[in-house]
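One chain, chain A, links the two complexes that follow: it is found with chain B in the first and with chain C in the second.
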Partner chain A sequence: MDTVLNVLVVGILLGGIYGLVSIGLNLIFGVIRIVNFAQGELVMLGMYGAYLAYTMLGLDPYVSVLVVVPALFVIGLVMQRLVIQPLQNEPSMQIFATFALLILLQNVVLALTRGQGYSVPTQVAGMGLELGEIRIPATRLVIFLAVTTIAVLLHLFLMHTLAGKSIRAVTQDRQAARLMGINVERTFTVTFGIGAALAGLAGVLLAPIYTLSPGIGGNFILAAFAVVVLGGLGSVAGAYFGGLIVGLVEAFAGFYIDPELKQAIWFLIFLAVLVVRPTGLFGQVGAEEVGFREQG
Partner chain B sequence: MDIKRSLRSVAVAGMLAAGLAGGTALAQEPLRIGAINPYSGPLALYGDELSRGYQLAINERNARGGVLGRKLELVRGDAGNPQQGIAAVDQLVTRDKVEIFVGTYISAVSNAASDAALRHQKLYWDTNALAAELTERKLANFVRSGPYSAHFGEVSVRAIVEMIAPALGKQPRNVSVWIEHEDSIYGKSIAEVQKQLLEGKGVKVLGVGGHNFRATDLTDVVLRARKANPDVWLQTGYVPDGNLMLKTAREQGYKPPVMLWVGTGDTFETLDALGKEYLEGLFVVSYPRPDISESFGPGATAYLNAYRKAYNREPIAPQGLTAYTGLRMLLEAVEAAGSTEPSRVRAAAAKLDKPLNTYPSGFGVKFDDKFQNTRAFPTVIQWQAGKQVTVFPNEARPGGVSLKNTPRK
Partner chain C sequence: MRTPLRLYALGLAAAMVPFVLLSHDLFWLNILIYMYLFAGLAVAWNIIAGFGGQFSLGHGVFFAVGAYMTARLYLNWGITPWLGLIPGALVCAVLGALIFLPTFRLKGSFFAIATLAFNEVGFVFANYLESVTGGPRGLQVPFRAAWSNMIFADPRGYALLMFAFMAVCVAISIALMRSRLGYYLLAVREDEDAARAAGIDVTGVKLRGTALSAALTAIGGGLFAMYVRTIDPPTLFSLPDIGVKFALLALIGGMGTITGPVLGAFLIVPVESYLRAVLGGEWPGTHLIVLGFVMLLAALFMRHGVAGALDSLWRRWRRRT
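== the complex of A and B ==
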């Protein structure tokens, strides 16, 4: 029984990791309607940001959040203004552009690091709670608490602030939003900035768990896309609960069936959900079309 | 008429002179060796290290006048994947007039580059790739001077039977092992050798598990091993998955009596990730390090000193010593052959017969009919106080070294 509970806890905490890397991707996907292939690389930049903050400023990664997250927000703004926005009326070109950003970011970091695997130490490494066989590692608990807080805050922001309302308006109908006096471009820019900042946060919090390499973003992006589509495009709750579902499926399939088969199993579930409910578990019917309607 | 004739003879003499001069220039042309390795991209770290080893062997030989009366020159060909391997070989032959190829630790690149070298009728002397199928192809220009995957499997099993079982106070038949491997051909092929040899020695194999080295989570892998409760957790993989597994084991409070890693886990990348306290006692099967005893690897200390002098740092990874040794063997074969022509060098290589513990890496040389060196083996290190200390084979152990934290506390 203890083992089952431990696997359950492992799955929930892993779900936190997947939720965290997916939530920014889903925001950008939902609002700007582009598949940001470079999202994994923004997570990677967050990780290296934590490494730099540690080596140059001596900051623990959990403190470096204060530096790295704003920095990623600015990087997101710049990417949106210089690369994505000029291609606003060319949705497929935007996708290629984000792919180019992926290659560019990976190779710049490669050139700087020569592919050496870096690690970011933290005071809490190896710490955690112990309840019989159940282990709750501190590094993963922090991530779970962070993604839960972010999901709640993001939901409140979108529902109850003027900026959040304008983001929702733009999501539903760009032209109508523009006619209502909303600055669509500025909304996009802010959204991309927030999406990048969330990727940066994910990177910083993941840095103590993994060995940093320039290609590490790619390890998460496959799971993140699965989470986003499973949970529902553009839905905060979708990213959160989608992450949990993927995490739980992976933990149980990996332990009770075979670690080599776990990805195949969650993609099987992913396909089944898409067939039964093409909008994902939390997506609104038709949400995947809204943004493209007035672009066509 | 006379004038014409004398003009003609002057012209002929001139041409002859030019021809002679050309011939002399050709004789003095350096013998160029193309080193196929990744020098950019995520795999460049070890690619650079291999070439440092090659360069040291070349420096040493040039100081003694080179080979076949010619100075040696190393030309780098950057290749991180098979396509780049082919392109690099083509370019080095046509542009740089490279006559022999050496390389690389990436088996897929070695595979493609050696094929390409064969099309140019050039020798491909492999020093560091591990995949068994490279020599199975029986390519007419291929020789492998370093250890391959089966040797890694073999040494890991010998270490369990001859060193770890006694340290645990058990007979080998009372020792239990969980075999974990990354699930590409590299990890799989080593795991198969391990299972077969361990069972042959009567050691209990409790299970064999595979994982993807890019997996974002390996808690399942750790929990499965913990459930099996082996004496030895034997793992073959790369740096990211090996590190993640150790971190996860620490988080999950999993403490097997012995952890034996194969292939990676012996560099600063693992030390930085886990810290020296946690690593204390971890065993790693890897390429021989320059700290091995002089009686095991004669000249290992001289290699280390030459490396420090040339590069002003400590070796990044032990692969450089294996590359250095391989290049020395190659030059011996070329000298004996009196040629760089593949069939003649291979014929000369086939006659090389030196016992183990001849070279600084502890290797000897004797090629089988597939041109795999049968006297090249990895060694085993143990992390002790943040340092990698060679502990197996016993003869390789530096003086005064004993096992630490075995079984793990």
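== the complex of A and C ==
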């Protein structure tokens, strides 16, 4: 019984990590409908931001959130204005451009750090919760609490504020939204900024857990895409529960089937969901039918 | 308006020029071999993605299956790669149809992500199935130079081989664009519902396009295996070097045209390899910074690739004279 419980806890905590890196991606994917390959690199930038804040300002990563997240928001705005917006009607070129950004960001960091791995210490590192046999490290617990809070806040923001409502309107029908007087381009820019800021937050919170390397974004991006499709396009609840499902599947498959196959198993589940219910578990029916051409 | 066949012949002859000029230099010869190979692969990808509008990011799977099959057949049963390429191509034609069939109802970005997932599943299984793929250590093909082994003591043999592969892919694309299937693919790309209303079997057309594209990609994978002679999962399933590379080359050259993917490979592969050799040792990653930057500029300022840019220049020049 204890082992099952242990695997369950490991899975939920892992799910928190996947949820956290997916929420920003899901917002961008859901609203702007582009495959942002560079999202993992934004997480990576958030991690290095936490490292810089620690070495230069002596800030604990949990404090540096206040600096890094706004910085990533600005980076997101710039990326959207300079690269994504001009390619609005060229979806395959957008994929191509975000892939170029991925290569660019990864290798700029590689050249600057010369490939040396860094780690970011925090006051919280040694702490944890003990529940009988099961130990929950504080760093991972913080992530789980953070993703839960963000999911709730983002949901409230989208449901009850004017900016949130305009984002939802653009998601549903950008032509109609434009006719209602919503500035679609500005909504895109703000959405991309928020998505990048959320990636930055994920990066800062993940920094104490991982050894920083320029290619680390690749560890998250495919999982994040799986979470997005599994949960549902543009749905906050989808990213949250999708993350948990992927985390649990990975933990249980890794423990009971074969650790080497755990990724293949959740990818196969991902493909199965994509085929059976392309809208995802929480997505709006019909969203996946909007292909490249109908975006206009 | 159809491009006359003799223009294509002229183009292929021009594609031989770098070989004639540079093949005495081993450094450049290696680059040329990759250039011709990836030109062929980009043309193969373009069949389903450019003409058919199905933006696949899963072609790395076909490349890898072709590479593993050719190498395995040669290593275990001594089957000459000249014949060993064929089962790989056939298997991938079927495999491509099978794995793409459930994803064809997805459109745009969803299709791209789903096919990207195939690449990851392939990577995990290639590591896992050690008895077939050699697992993480990969497969090594011993160097026994002979025509029948497709292993050449003189690397110029490889360059000619890859050139021939590229020429075959281009020829198939030209034939395709003059065939019924080619017109169907274009119709499906432009408007699926209209194509269906006009009586086209949309899924069947996509499947045939995929099978052809996957089979050619598998042949490219087999040729790659016989040239590098060491294949392992990180190489074969690499996104920037294999799976997404086909798409990048075709996009930068001009998707949906016959010459575009070739132009893309002829521009990017030499620039990338040269920068890697010159800058890669001193500053790791700098060649990719330059490449990423070039790609970004290309995306922003040449929406229809090099082929599109040349085409509009040519039109402007024609109007003036």
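Just so we're on the same page, the second predicted complex is superposed on the first by the 289 of 296 C-alpha atoms of A that agree within 3 Å, B and C clash if a C-alpha of one lies under 4 Å from a C-alpha of the other, contacts with A are read in each partner's own complex, and residues count from 1 in each chain.
The criterion applied here is as follows: contacts are C-beta pairs under 8 Å (C-beta built on N, C-alpha and C of every residue); 3 or more make two chains touch, one makes a residue touch a chain.
Given the structure is predicted, the values throughout are model-derived calculations rather than measurements.
**Q** Kindly classify A:F255 by the partners it touches after superposition: chain B alone (first), chain C alone (second), both, or neither?
**A** A:F255 sits against chain B, while chain C stays out of touch.
**Q** Would you sort A:V83 into first (chain B), second (chain C), both or neither based on which partner it touches?
**A** In the superposition, A:V83 touches chain C alone.
**Q** For A:L101, decide between first (touching chain B), second (touching chain C), both and neither.
**A** The answer is second: A:L101 touches chain C but not chain B.
**Q** Figure out whether A:R114 sits in contact with chain B (first) or chain C (second), or with both, or with neither.
**A** both
**Q** Now for A:E41: first (chain B), second (chain C), both, or neither, which partner does it touch?
**A** In the superposition, A:E41 contacts neither chain B nor chain C.
**Q** In the overlaid three-chain picture, which partner chain does A:Q263 touch, first (chain B) or second (chain C), both, or neither?
**A** It touches chain B and chain C both.
**Q** Once the shared chain is lined up, is A:V275 touching chain B (first), chain C (second), both, or neither of them?
**A** It touches chain C, and chain B stays clear.
**Q** State which residues of chain A lie in both footprints, the one left by chain B and the one left by chain C.
**A** 110-111, 114-115, 214, 258, 260, 263
**Q** Over in the complex, which chain A residues touch chain B? Could you list them?
**A** 3, 6-7, 10, 14, 17-18, 110-111, 114-119, 121, 125-126, 128, 130, 135, 137, 139-140, 209-211, 213-216, 218-220, 223, 250-251, 254-255, 258-260, 262-263
**Q** Quick check on the complex: what are the chain B residues that touch chain A?
**A** 40-45, 48, 183, 209-212, 214-221, 223-224, 227, 239-240, 243-244, 247, 250-253, 269, 272-273, 275, 278
**Q** Report the residues of chain C in contact with chain A in the complex, numbered from low to high.
**A** 53, 55, 102-103, 105-110, 112-114, 116-118, 120-121, 124-125, 127-128, 191, 240, 244, 247-248, 251-252, 255, 283-286, 288-289, 291-293, 295-296, 299-300, 303
**Q** Using the touch definition up top, name the residues of chain A that touch chain C in the complex.
**A** My answer: residues 29, 33-35, 83, 86-87, 90-97, 99-104, 106-108, 110-111, 114-115, 214, 222, 225-226, 229, 258, 260-261, 263-264, 267-268, 270-271, 274-275, 278, 288-293, 295.
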